[in-house]
Structures are given as C-alpha cells and as structure tokens.
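Read through the structures below before going on.
Presented sequentially are two complexes of chain A, the first with chain B as partner and the second with chain C.
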Partner chain A sequence: MNAVEIVQVSAAWAPLGALLLLALATVATGLDGAIAARAAGHPWQQGLRLPWAETARLLRQRRRTTVAADRLLWRTAGAGLLVTALLKIVVVPLGAWTLSDMSVGLVWFNAMDILVWALVWLAGWGPNSAHSLIGGYRFLGQALSYELPLMFALTAPATAAGSLRVGDIVTAQQGLWFIVWMPVAFLVFCAALMGFSVWGPFSTPFGADIAGGVLAETSGIDRWLLLAGRWALLTAGSAFGVTLFLGGGAGPVLPAWLWVLVKTGILLAALVLLRRRLPALRPDRIAAAAWLVVLPLVLLQVLIVSVVVVGRG
Partner chain B sequence: MLTDIVFWVLAVIAVAAGVAVFVVDSMARATYALAASFVAVGLSLLLMNLEFIGVITVLMMVMEMAIMAIYMIMFMGMNPALMPMNMVHSAKGALSVAVGTFAVLATGALFIPWPSRRGVTGTDLTVALGEALMGPKMLVMITVSPVLFATIVAAIVLAAPSGRYDRLGDDLRRRSATARRPEGVQR
Partner chain C sequence: MDLSRRLAEAAVRRTCVLVVEVPGWAATRYAAELAIRRRGWRLASSPADADVLLTCGTPGPRLAEAVGLLWEQVPGPRARATVTARSAVDAAMEQAAAALLDTGHQRADAAQRSPDPAMGTRAEHDEDDEDSGGSENQHADEEHASDGSDGDMNDSDMNDGGGDMDMDMEPGGIPLAGGAQDRDGLEMDVLHVPLGPVLPHWPAGLLLHCTLSGDVVTEARPEVLGAAVDAVPDPPMPGASAVDRLDRAARLLYLAGWEARATDALRLRDDLLAGNDDASVAAGVDRLVARIRRSWVLRWSLRGTGPISSGTCEELGLDDRATGDVHDRLVICLTEARSALEGDRLPAPVSPEILAELLPGLEIGAVRLLVASLDLDTGAHLSTGTAAR
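Presenting the complex of A and B:
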C-alpha cells in the first residue's frame, strides 16, 4: 500500500463535500426505511422512497408555533444539527483531499460533537413544551455518559499517531488499521456516535413515550432539519470513524476517495442493520455502566496503546 | 486584511453577546449568550495560531454552559427559572464595578509598554503546551486537579437526591440507611 499524501483543497469544494454527506445520509435513511417496510410486511422497495417521501411531505406542511416559544433559540437549534454535521466533515479527508488539514482536527471534531449538547437541549427548550424539555434533559443525561468514554476513545488513535492532525492519523495506519489493535476504542466510538446522533439505542430524547420529545412540537421544515440533522451527524460520525480506525482511504484496486465512501457506507449500513437488534437505553441507567465499566475499559485501551507507542520508541 | 475583519467581527460578537447576558430576560438565553461570547473568544484565539487552545476553549465553554443551564434552572430557589426573569441583581452597584473594572483593564492593556518577543515560537505549539503542562507546570496541575475534583464530588454528594440527606436523614444522624432509589451498575 502506498502512503497517501493528504493535501488541503480549496474551500470551493465544500459544497461537494456537503452533497456527498447528504447523499450518504439519504442512502442510509432509505436502507432504514426498506428494513422498516419489510418488518411491517410491505415490499421493501416501498421503504427506499422514505427519505424523499418524508421530505416532500414535510416541506408541504405548515410550520407549528406554540405559545411563548423561544423562537430564536428553537430555530437556531433546529438548523444547528445539520450545520454541525457539515462542520464535522471539514476535517475528514476524502482520500487524498481534505477541506481543512488543521493541526488539531481531532479536537475540532470533538468540539463539534459538544455543540450537539447545546443544540439538542435548546431544541427541547425552544417550544415551551414539557415533553420537548424532558427530551432535552434526557439528551444531556445521556451525553454525560457517552462523552467521556468518547473523548478517551478519540485519544487512542491520536496517541498511536503522535498527532492530533487527522491526516497524520490516516498516514499512521498504513499497513495496520487502528481497529486491529484498538477494538475497544472503536466500539466505544461507535456507541458514542449513536449517542451524539441521538439515534438507535440512544434515541430516547426523541422517544415515543414522551410524544416524540424534542420532536414533539415540530412540523414542516423544522422537523425535517432535526431528522436530517441526526442522519447527517450519524453519517459524518461514520466517516470520521472510518478515518480514525478503518484506515481512511487505504485499500486495494479502488481509488482512495472511493474507499472512504465505501467504508463509510458499510459502517453506516452496519449501524442501521444493528439498530433493530438493540434496545433503547434509559439515560439514567447508562450513567453507572458508562462511568464504572466503559470508562476504565477505554482507559485501559489508551494505556495499552501508550505502552506500545513507548515500546516502539 | 481578512484577519482584521475576522478579528473585529469576532470581537464585536464577543462583547455584544456578553452584554446580552445581562439584557435578556430568560435563563436559557443568558446562558447561551455567554456561550456565544466565549465561542467568539475561542475562535479569535485561532487568529494567533493557538489552534489547540482556541478549539478547546470552544469545546469546554459550550459543554460548561450546557451543564450550567441545568444547574441554574434546577437550583434557582423558589423562582421557577423556566419563566422570564430579570438577569441582574443590585444593578447600579454591579454596573459601576463592571465599568470600573473594564476601564482599569482596558487602560492597562492600551498603555502598558508591551515587551517585544524574546526567542522564537516552536514549530508545534500544541506540543509546547503539552510539555509545559506535563513538565514545569506539573506541580500546579497536580495541586489544582484534586482540589477541583474534590469540589465537584462534594457538590454532587450534597446536591444529589440519593445523597447523604437521603441516606442519613435530615439531621444526618441516621446510620447505614440504603438509598431511596437503587443505584450503581446492578439496578
């Protein structure tokens, strides 16, 4: 395998990056719809239309307002999830090209997933509705559980590469992908990825038991932005997982940029397929497990990586 | 030129959002106005090529404000902080102290003879920062961290519903009572 030299491209390519992100998110949503349709006894092809049908339905819907809503914060938060996902992929290299080769790309990604803390809570706060607010609090409750393990899971590849620059982390995986010798960090990253996307087992802030939670009072474009934002976050997170643990663009025959897309698609599909096998996790119950079991495990992982790095000299 | 424009835009946002903290009438708006102010400060640190400190400032401040909003609303006495409320106490005194402090600091910043740079910056400022923290500043860090951590734990022990008042009774005399709600990994 040849080492890929990561180069920073002009910001004019950013719209293409955004399009790729949305395209992958649409495919994932379609796959999820197909599985749901099949489970409901309909032909699975019907479900593939789900992202387009939902978009068409929501764009024609009237915007809902509530009494004494904090409209500024509500709308900002609604649009923010999608923007955050776009800001995340700024540091994800597509093969040899990256939009920003900043020296602290890993910390940038982490800072962006902290933005989700503010945004989901604000989206719950905005409509002045009890169910929405409970959803917002649920999210912060689970965020406290997944964020620290996530931070240490991100530390492992950075330690191995000796750099916070995402390009260096990809280069350091030439020959041996990080997933091989840091599987715990990878699994924790995948769980946290579902956490900051408020998705799958971590979707109780949007739960049906609280009338949709953060989604409860939204309709039309506001609802679309929240739903699309979650899928975009999941896609951006998968792309970053591929970059950190699955060798980025490394692979035979195909060009590097295509490998990044293929691997991201595979990781996304795996998450979508896994979703229906996992129970919803109650935010108040996962705290103890996250801090007493997962956190020590991932710290142990970082210790092993550090020892290996020191041993290699 | 571009750097100047970015600096001024960020500076205006930082100050305006800082003012908004005291002008708005909602706990959530005040909290996140403060967060916006800090984010602008963090991003302006990027202009000095302090990338790690800039991005970590954004990270820490947004996280901190998200948590702070919960605590402020949770502990805001008899006033349900979900309602519109005034964000200032004893406005006149506070305003004079604030203006006075700002004047002193701004005068100092403008009139102090700034020293010229000695030596050159390292190639990787993040590495330099890490070495300073783990090397000569280590004593400070290992003193400050346990104190901060103990403060956090003590505050949570006092405030948590299944904390010591729950187990030990209001006068803390009851011994070895179990928590009202089960806790830990096994529940």
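Presenting the complex of A and C:
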C-alpha cells in the first residue's frame, strides 16, 4: 500500500461533494425503507422508492406555522442541519482529494457538531409548542451525554497520528487501521454519530411518545429539510468515521476514492441494520451510562493510545 | 403526463393517515390500520404529518369539535373521511387517495383557507372549579377542542424572562406561563397542556388535563370524550381479548421506540383478525416474547419506568398483574394474549380515573408509556363526553 498524498482541490468541486453526500444518504434511506417494507409484509423493492415518495409528498405539502412561532429561528434551524452536514464533509478526503486540508480539520468537525446543539434545540423551540420544546430539551440532555465521550473518541486518532490534520490521520493508518487498536474509540464514535444525527436508538427528541417531538409541527419542505438533514448528518459522520478509523481510502484493487464511498456505505448499512435491533434509549437513562461507564472507558482508550505513542518514540 | 401529476402520484404512494378512534370503534381502527399498511401508507404522528384525517366511529359533540380543530391543522393537500364500519374502510381510502390526486380540488381548498394558523381554545388553568356546576358550561367551552398533538395554544413557556414581567402580556393571544417550584426547589415554568383526545398510540377519546412543570406532569385530570349518544359501534366493542392485548403491546413498543418489534405485534394482531390459525399466531407471540425478553437494552431503558407498587394496586383496585414497571407489564400483556388464545379469561379493563393517582411526578415519556401499559376502559365512560351541552 502506497501512502496517498492528500491534495486540496478547488472549492468548485463542493457541489459534487454535496451530491455524493445526498446520494449516499438516499441509498441509506432506501435500504432502511426496503428492510421496513419487508418487515411489514411488502416486497422489499417497494421500500427502495421510499425516499422518493416521501420527498414527492413533502414537496407537494404546504408549509405550516403556529401561533406566535419564532419563524426566523425555526426555519433557520430547519435548514441548518443539512448545511452542517455539508460543512462536515469539507474536511473528509475522498481518496486523494479534499475540499479543505486545514491543519485543524478534526476540530472543525467537532465544531460543526456543536452547531447541531443549537440547531436541534432551536427547531424545537421555534414552533412554540410543548411537544417540540420537550423534544429540543431532550436533545440537549442527550448531547450533554454524548459530547464528551465523542471528543475523547476523536482525541485517540489525533494522538496516534500526532496531528489534527485529517490528511495526516489517514496517512498514519497506512500500516494498520486505527479501528484495530482503538475499538472502544470507534464504538463510542459510532454511538455519538447516532447521537448527533438524532437517529436510531438516539431518536427520542423526535420520538413517537411526544408526537414527533421536534418534528411535531413541521410540514412540507421544512419537514423534508429536517429529515434529510438527519440522514445527511448520519452519512457525513459515517464518512468521517471511515476516515478516522477505517483507513480512509486504503484498500486493494479499487481506487482510493471508491474505497471511501464503499466503506462509508458499509458503515451506514451496518447502522441501519443495527437500528432495527434496538429500541430507543430513554433520555433519562443515557446520561448515567455515558458519564459513569462510557467516559472512563474512552479515557482509558486514550491513555493506552498515548502510552503506545510515547513508547514508539 | 405532466410533472405535477407525476409528483402527486408519487406522493400518494406514501400517504400519511391520522386515525382518530372514537371509543367503541376499536375494530374499525384495526381494519383501517391494516388497510393503511397493505397500501404501503403509514400512520401520521401529528396533524402536521398527515395527508388524510380518518375518523373511525361517530364522535360526540366535543370529540367532533376536537377533530374539527385537527382538520384545520392538517397542512394540505388533505382529505377527510369518516368510517363507522369495517366494510367501509377500503372505499374511504380509495376516495381519500382520489381527493389527494385531484390537484384542482386541492388548490381550491388551499385558496379558501386562512394563511394564519388556527387559533385553538385554551387549556384550562384552574383545576379547582371542576365540581362547581355554575362554571361547567364555560369550562367545557374552554377545553373542548384541545388536542395533545398540538400544544401551540398552551405553551408560552420561555417567554417568561425573569418571571417579573407583567402577567397580562399575551403574545399571539397566549397567556404567559406561570412559575412554581419544582421538586428540587428551583422555579420552573408551569404549563397547562392537554394530552389527547387524539394522539398516536393513545387510548381512544382519553383527554388528560395535565399541569406540566418542564416535562414533568405534576397534576393530571382524566376525562373521556365519547361517541355520539345514539351511535352504535359495528361490531360491538369486543372485551379484553388476545387482539386487544397485541394491539396494546404494539403501542407500547412504538412508544418505546422499537418500530421493528411493534410491527411484529401488529402483524400478529392482523393475522388473528384475518382468522389465521390460533396455533401459528401463538407461536408468533412466543417468538416475540422471547425476543423482547432477550433485549437487555429494552429492559435497561424501561426498568423502573412507570412503577406501580403492589400497595397502590390494591388501593386502586387494579389486578395484581399490574404490579411492577412498564417492561413487566409489556411482557404480561403478551403472555395474556397467549393465554387468551388458549381460552383463558383476562382481567377486566380499569377506569381511566386511576390515572389521576398514578401520573403526577412522571416525565411525559413515562406518562405515555404508563398509560399505554394499562388496560383502560374508555368505552364504559361514554357518559362524560357525550352529554349535550
């Protein structure tokens, strides 16, 4: 395996990055729909159409508002999730190419993640509705639980690579993927990834028990933006996970850029399959587990990585 | 074929239906849900999510008004239908789909709607006057159309600033939230939010007048909005049965956020209704129970949620099988379905009145799970909501 030299490409390629992100998110949604359709007794092919049918439905639906809604913040937050996902992939190298090879790429990703805190909460606050607001607060509680473990999980690869530059982290994995000796950090990253995408077991801010929570009052394009934003965040997070832990574009035969897409697809599919097997984690339970069990474990992981790095000199 | 027609056809494949069950019409709702699943449609989680508003049964005046308010909140393109018999479900779905496809009709409907959101009625703010006969009429006027999936009328929370603002200020006509001490002694906004009468995975016609401190219910007064006085359900409401246990298990699983297993429970329910062999359904129930028991994540997530002690059970006249937490009751619900298939008699449903005792102090998610975990008899309380005003 030859080390891939990461080059920064012109910002004119950004729309292509956005298209790839949305295409992967659509595939993941289709897969999710296909599995759900089979479980409901329909042919699975019917479920593949689901992202398109839902998009058509929401494009045709009227937007709505509520009495005394904070429209500006509500709409901004709705569109913000998708924008955040796009900003996240700016630092993810697609094989040899990256949109921005900034020296603090890892911190950039984390900063975008903090943006999600504000956006989901504002989306819950905007419509001036009890169920939405409870959804927004549930997310803040959840974010307090996943954010610190996530930050330490991100620290592990950075420590091993001795750099915050995402390109350096990929290069440092040429011999051995980080997942092999940082499994705990990888698992914590995957859980936090579902957390900031407000998805799967971490979807209680959008839960059925609060009539859709943050989604309760949205319709039409506003609803589409929130739903698509969540899937896009999940996809962007998976792509970043591939970059940090699964060797980025490293792999035989196929070109590096294709490996990134394939690995991202596989990680997404694994998450979609996992979701069917797990109930939602009730928000009041997550905090204790995150702070008492997960945080010490991930700190231990960082310690081990640090000792190995020091030992290697 | 033009683009908008194609868009409409694609959209209708994924129609979302908000189903309103009038107490007594459970069998009609089962039929409607089956028809929705067969078409590849899905159930809506709130009026904002819905394309079709389907009422199963003949609602009494107050429930009908609540449904009317919901209709105002459905964004459109929208269609509305009422079915009172299982046999009418399919035709109603066809009509709804046709109405959604009729772009001209939808345009006309949209043109005559006000661009401003519908102003609902306020939740009651005074829990003490419920027994004073004089205020009864006005009282009913205030609360009749409140519905849980739409909290807009009832939560001016967060606007309260430092708590020293003029309490007469009413942004958008909504009074500001009051404050009160929470359990930890810190001040919290206090809201009066009605839960029900129409919420997904919620007992038919149940309306809970809740006082919320943040997301914790501090007070709850249950009430049932019933069917019209002279309406007779078709078929008459079945008693406690395996079908109704499977339906309740599915609700609990939906609320616990486990869609995959909830779908399993619903399919078993529909198999049973379709007259499938009891033995094959029983085997399916066994598999479902085994899967639920094996899930330590579900146990961990639900452990200690909505607990009822054996003392409380006795006090409230509950069957002692209700003792324990929501997870215990989910497993018991399914084992009861299993034993009903073998011909055992099930305990009779209980009055929703007991909720007033059980709910205070619980977070809203726990409230939903607890309500779904009990076999509440909303049918026997028709009288509270049907009295002509």
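What we mean here is this: the second predicted complex is superposed on the first by the 313 of 313 C-alpha atoms of A that agree within 3 Å, B and C clash if a C-alpha of one lies under 4 Å from a C-alpha of the other, contacts with A are read in each partner's own complex, and residues count from 1 in each chain.
Convention: contacts are C-beta pairs under 8 Å (C-beta built on N, C-alpha and C of every residue); 3 or more make two chains touch, one makes a residue touch a chain.
Here the structure is a predicted model, which is why all the values come from computation and not from measurement.
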First (chain B), second (chain C), both or neither touched by A:218: second
Partner chain in contact with A:137 - chain B first, chain C second, else both or neither: both
A:117 touches, of chain B and chain C: first, second, both or neither? first
Contacts of A:63 with chain B and chain C, given as first, second, both or neither: second
Partner chain(s) touched by A:164 [first = chain B, second = chain C, both, neither]: first
Touching partner for A:53 - first (chain B), second (chain C), both, neither: second
Touching partner for A:108 - first (chain B), second (chain C), both, neither: first
Contacts of A:285 with chain B and chain C, given as first, second, both or neither: both
Partner chain(s) touched by A:125 [first = chain B, second = chain C, both, neither]: both
Per-residue touch tally on chain A - higher for chain B or for chain C: C
Residues of chain A contacting chain B in one complex and chain C in the other: 125, 133, 137, 285
Contact footprint of chain A on chain B as seen in their complex: 26, 28-29, 32, 35, 51-52, 55-56, 58-59, 62-63, 65-67, 69-70, 82, 124, 126, 183-185, 187
Residues of chain A that touch chain C when the two form their complex: 36-37, 39-42, 46, 49-50, 52-54, 56-57, 59-69, 125, 127-134, 137-138, 201, 203-204, 207-212, 215-220, 223, 276-285
Residues on chain A engaged by chain B in the complex (per definition of touch): 70, 72-73, 102-104, 107-108, 110-111, 114-115, 117-118, 121-122, 125, 133, 137, 140, 143, 147, 164, 285, 288-289, 292-293
Chain A-facing residues of chain C, complex: 7-8, 10-16, 37, 40, 45-46, 48-49, 51, 73, 75-77, 110, 117, 119-120, 148-158, 171-174, 191, 193, 199-201, 212, 214-215, 253-261, 263-264, 267, 295, 297-298, 300-302, 305, 363-365, 368-369
